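Per-chain numbering from 1; labels A, B, C, D, E and F assigned in written order.
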Amino acid sequence: MKILVANVNTTQTMTDSIAAQARAVAAPDTEIVGITPRFGADSCEGNFESYLAAIAVMDSVVNYDGEFDAVVQAGYGEHGREGLQELLDVPVVDITEAAASTAMYLGHKYSVVTTLDRAVPLIEDRLKLAGLDDRCASVRASGMAVLELEEHPERAVEAIVRQAELAVTEDKAEVIVLGCGGMANLDEQIRERCGVPVVDGVAAAVLVAESLVRLGLSTSKVRTYAAPRPKTVIGWPITQGPVR
Amino acid sequence: MKILVANVNTTQTMTDSIAAQARAVAAPDTEIVGITPRFGADSCEGNFESYLAAIAVMDSVVNYDGEFDAVVQAGYGEHGREGLQELLDVPVVDITEAAASTAMYLGHKYSVVTTLDRAVPLIEDRLKLAGLDDRCASVRASGMAVLELEEHPERAVEAIVRQAELAVTEDKAEVIVLGCGGMANLDEQIRERCGVPVVDGVAAAVLVAESLVRLGLSTSKVRTYAAPRPKTVIGWPITQGPVR
Amino acid sequence: MKILVANVNTTQTMTDSIAAQARAVAAPDTEIVGITPRFGADSCEGNFESYLAAIAVMDSVVNYDGEFDAVVQAGYGEHGREGLQELLDVPVVDITEAAASTAMYLGHKYSVVTTLDRAVPLIEDRLKLAGLDDRCASVRASGMAVLELEEHPERAVEAIVRQAELAVTEDKAEVIVLGCGGMANLDEQIRERCGVPVVDGVAAAVLVAESLVRLGLSTSKVRTYAAPRPKTVIGWPITQGPVR
Amino acid sequence: MKILVANVNTTQTMTDSIAAQARAVAAPDTEIVGITPRFGADSCEGNFESYLAAIAVMDSVVNYDGEFDAVVQAGYGEHGREGLQELLDVPVVDITEAAASTAMYLGHKYSVVTTLDRAVPLIEDRLKLAGLDDRCASVRASGMAVLELEEHPERAVEAIVRQAELAVTEDKAEVIVLGCGGMANLDEQIRERCGVPVVDGVAAAVLVAESLVRLGLSTSKVRTYAAPRPKTVIGWPITQGPVR
Amino acid sequence: MKILVANVNTTQTMTDSIAAQARAVAAPDTEIVGITPRFGADSCEGNFESYLAAIAVMDSVVNYDGEFDAVVQAGYGEHGREGLQELLDVPVVDITEAAASTAMYLGHKYSVVTTLDRAVPLIEDRLKLAGLDDRCASVRASGMAVLELEEHPERAVEAIVRQAELAVTEDKAEVIVLGCGGMANLDEQIRERCGVPVVDGVAAAVLVAESLVRLGLSTSKVRTYAAPRPKTVIGWPITQGPVR
Amino acid sequence: MKILVANVNTTQTMTDSIAAQARAVAAPDTEIVGITPRFGADSCEGNFESYLAAIAVMDSVVNYDGEFDAVVQAGYGEHGREGLQELLDVPVVDITEAAASTAMYLGHKYSVVTTLDRAVPLIEDRLKLAGLDDRCASVRASGMAVLELEEHPERAVEAIVRQAELAVTEDKAEVIVLGCGGMANLDEQIRERCGVPVVDGVAAAVLVAESLVRLGLSTSKVRTYAAPRPKTVIGWPITQGPVR
């Protein structure tokens, strides 16, 4: 099967690292295609950038030239998943939700450790809407900006471990969710340091996507995620030409 | 003061009708400017269209050539308000929230009557995130598409009244909220027919916006709605040149 | 239009200060009438006093000799608003709710800073019933009694600022609500010191009341707030003779 | 021990019937004293009347000439219990809460059947504040006014049974709570007709009060229900002279 | 009347102490019978032990040779109460719920102080399912294992008092619930030290059970707690022969 | 990898059918072992039977002679999963939770269609504790007993389809979850008839279990699901000798 893993920002190295993380856990016969939006911010750390990314991801996916079996939206706490579900017949999996659902199999409460403090309310809102907040002990910010994760991986690990430890001791989390697509490759180190299971959203989402495809399940089309009604849509898609 | 009233779809006659409704309730010294997005759907009835509208409204507002004191986002249950709040220093008022807040001063429970059934979950989600759902008795669909409201105003009134009556008798609503910017001019008739207060979101939002400006209050910038961090944003704004 | 602003306690200087705050934000053609109950406590800081105030405010309002367009109940977290709504055809606005609703347009979460710790549960209960608690980060007590606010304004500012700062840094509030009618004139100083919007309930409520009147909206009479059924009521009103 | 059972309205026959119901379940060595407020409505069916009753009950209790071990407030869904708790050192039990708590020992969900539709939101609000609403399947109105219960007991039984049956079949209630002090003597008939346990609030509250006294437990005075602070309270109590 | 008080673990001295506490508060004509399960852990401090105890208590009760009027399940936060309700026609009272319900008559919020940290989520889950968590300020662990309570009563008091004080000052609890059947005899000391009412679950449950019996109320059999359907059950009861 | 799929009742044909359903979706290199408890009811339709099953499943699993990588508990809405998590180091997946989580990727709301009405509250409680109830539109009973599903598969399909249709039209479910392990092979027919995705818990749980194993994730042992403390446990396990 083929799964599109959509980065939400325009930083190609981040797409590459997300795709690599996806490939590391995918089944041998699963093809992972990383796609990068053609417009938007080089990192998403707020609502404006997240809304722009929502449209940019939809734009990339509808411009994608080829068949695919599922889409993973690889931004933590970002907007847009519902739009993709309307536009596509294949399953769409948001890493925010896949990570939370996965964590809930592993402990009584989980916490998310993310990048900047300003991203915390976005993540809290996404989990609330997804109905996955009830067992969320806390969403904590490491203070690292998205692009700093790649630049300063050691500092990132330290900052994330510190918050993960507080989540476990203060907030009574039993599982840690990495709240950023760019943290994908840090999970091993953090797991060792914190002594609790660590869930990376990209990895979790790829396995959810594979499972849905194998079960023959996809988005329900009877109400919320029915295809858009036929109507005049000016300027869509925003960009033209095949994304590969 | 000057208030931008942003239509979420590309139908100019709807912008005109929304602006007229806004002017009908605005203070004498308030200038109302209706703006129409330069891309997007001619009506918003789902997540894809709503996300596109979110970006299109932001695009229009940042391209607007002139000063203004507040923005009203005139789409019921639509995405995007949080992005505008980050981009602007002036207050931003979403008609979904203004109508609900206003209704809550008038009765123990309120119901929303909207257009199509598929819009109901979007509205429910917006109210939930806004923390205004606790006293919402129901969100009901009239079955009228957005553009049908203008084409068939009489049928629209009938369909809306029928659901409003059910909201009052079955769901125990004491106030009706009109769940679509395009229903602006129907409130009088529905009020007469249903015997309960009817709140139009555009009217409510204009008065909230005026009040915030008069009180010298605007969006808090300490966390969620801080201005976007300086970074590379490709392709933004989507369109160029002054919107007036 | 004419708005009655009802103090909940029997301290005339507090009525005067509340009325002055109301006049400072009211439209030029709005007449503000401060009324003081004829019985009850000189300050309300608990349930007994609050219940007594509820009846004393209703007693004053039904004894008021003249027409009016709306009533603002100017006690934070007090009982009684629902009773006034039954007795009157004009809109009734409680400063507790007006302040919370207003704060919710300005930030993701708000906190209330009030007087004594014992008032906190009353306020929490009022916000819960009003369905406005979901985005309330915290209700914090400054430790200042109601009458101390007038006697020691500088100490009051210090105590309130200290709690407001904790609300912002610890509880992640983005907006501060002043949780006492007697704090009306402190908002400017606190705003400057805390860097977040500060909402005074009296000011917020006057503008909500004006807005409802301008929109031609008033309390729904179909269920909860229908006029009392005709029956024998012994000893009502408690006092006799016109309140002016 | 001696328990004051406070009627919330001024109808003496109702006080008598409530006291009789209380005596029927009280322990042999428990003295039941029914008290009737000296002002207020002959029946409570709304917020104004309920707020007035709250003060009238407090007025009666503080004027009561003699010692007592507990107070039962015998109005369903009425205001005022918190005020009594501040004024007294002995336990105060509200029949609304005692009935709900008792019902929760008997089935997964319970429903309340009350008098008029307009009383429903008051009861819902009281249960919500008491934190006892989570397992409440519904609050249903029989359409019988309070005083009609005495006048037309047969019609009352029919009307209440009809709603109780709907509560069981439609709302999945497993226990019925009688939502009015004046329904005290109807419980047997309704139990027989509906096949589910029927809880009368007066009976439940008397046994809760006895239990608290036997356990040596009374209201916590550390915060919400601390005695009122010493201050000037004009016109209190409202009436003078011993209530017996 | 006769009440079976079922210990959840196999430690006979704990059964004795629980029965003694029950007798201390029971009415003179109430016979208390302590029963000890014939299999399971010597103390319950986790889900496995609690599930085993659930079955062991049911096994003891169905093997009990004689009539009885009610059962008290004397384990705090343990599984199994719903099963007993299906198997029996007499009322079943869980000390977890009886203590919480009793505490709610006494203050705005209560906290539970229990044994080990690992028991906290079990108690939280039980309170949540019982719909009694809304006014629970916190569940705190003293760090004392169940059997240490008997061995080191002085250290137990110190450890429990420390958490109770934190519950009052930090979590704003106004009442303390002792979250372990084995804490039964510590309530007096803790009450003195903390200045707030202290509720022991065994005592509370015995009085609830007596009250239900006196009111002629028992478990509803129309749905959730209907008797098991006739069917083949292999190996039940687990043990044979009369429990006395 | 090897996954134990534990039936909760003692009916061997049901174990076989569950195991067959598991094998139908498992990866080629996954070995599925169906296990049947050695005591308990031939079908679980209430709390007593469910509690007994909880212990019987734990008894089987600890008696299982051999290594395994994960356990699926294949009873819908049953007790016991938390106990298994304490006893084992490998992941434990409950079909109730796996089905709900899977359904949430596919639509805005899901409904469960189960067997008898008396099972509904158990399922609701399990979903509530799991924090997966927020997007559950309803739990509906088909009226078919567990063992009737095998005996009358055609009637079962009819009865389930009828409730599924009501869930979609009345309750606004967009996805149907089959709320019984014994419905495993009916999903295709129901999907065709209802036009919405249908999720079978056994299939969903097997893929979740495989995913957790592939991700190297298992139950957190830091708090709720830590291994039982060493202590005397009388009569455990209940049965002796290898389960294969």
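Methods note: a residue touches a chain if its C-beta (ideal position, glycine included) is under 8 Å from a C-beta of that chain, and two chains touch if they have at least 3 such contacts.
None of these values were measured; they are calculated from a predicted model.
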item: Counterpart interface for A-B, drawn from C-D, D-E or B-C and sharing over half of its contact pairs; value: C-D
item: Maximum centroid distance from chain E, chain identifier (CA atoms); value: B
item: Chain centre separation (chain A, chain E; CA means) in Å; value: 44
item: Cα-centroid distance, chain B relative to chain E, in whole angstrom; value: 53
item: Residues of chain C whose C-beta touches two or more other chains; value: 108, 121, 172, 223-225
item: Chain E-touching residues of chain D, taken from the complex the two chains share; value: 25, 27, 91, 93, 97, 101-102, 104-108, 130-135, 168, 172, 174-175, 195-197, 199, 203-204, 207-208, 210-212, 214-215, 217-220, 222-225
item: In the complex with chain A, residue positions of chain B that touch it; value: 10, 38-43, 45-52, 54-55, 58, 79-80, 82-83, 85-87, 117-118, 121-122, 125, 128-129, 145, 223-226, 228-229, 231-236, 238-239
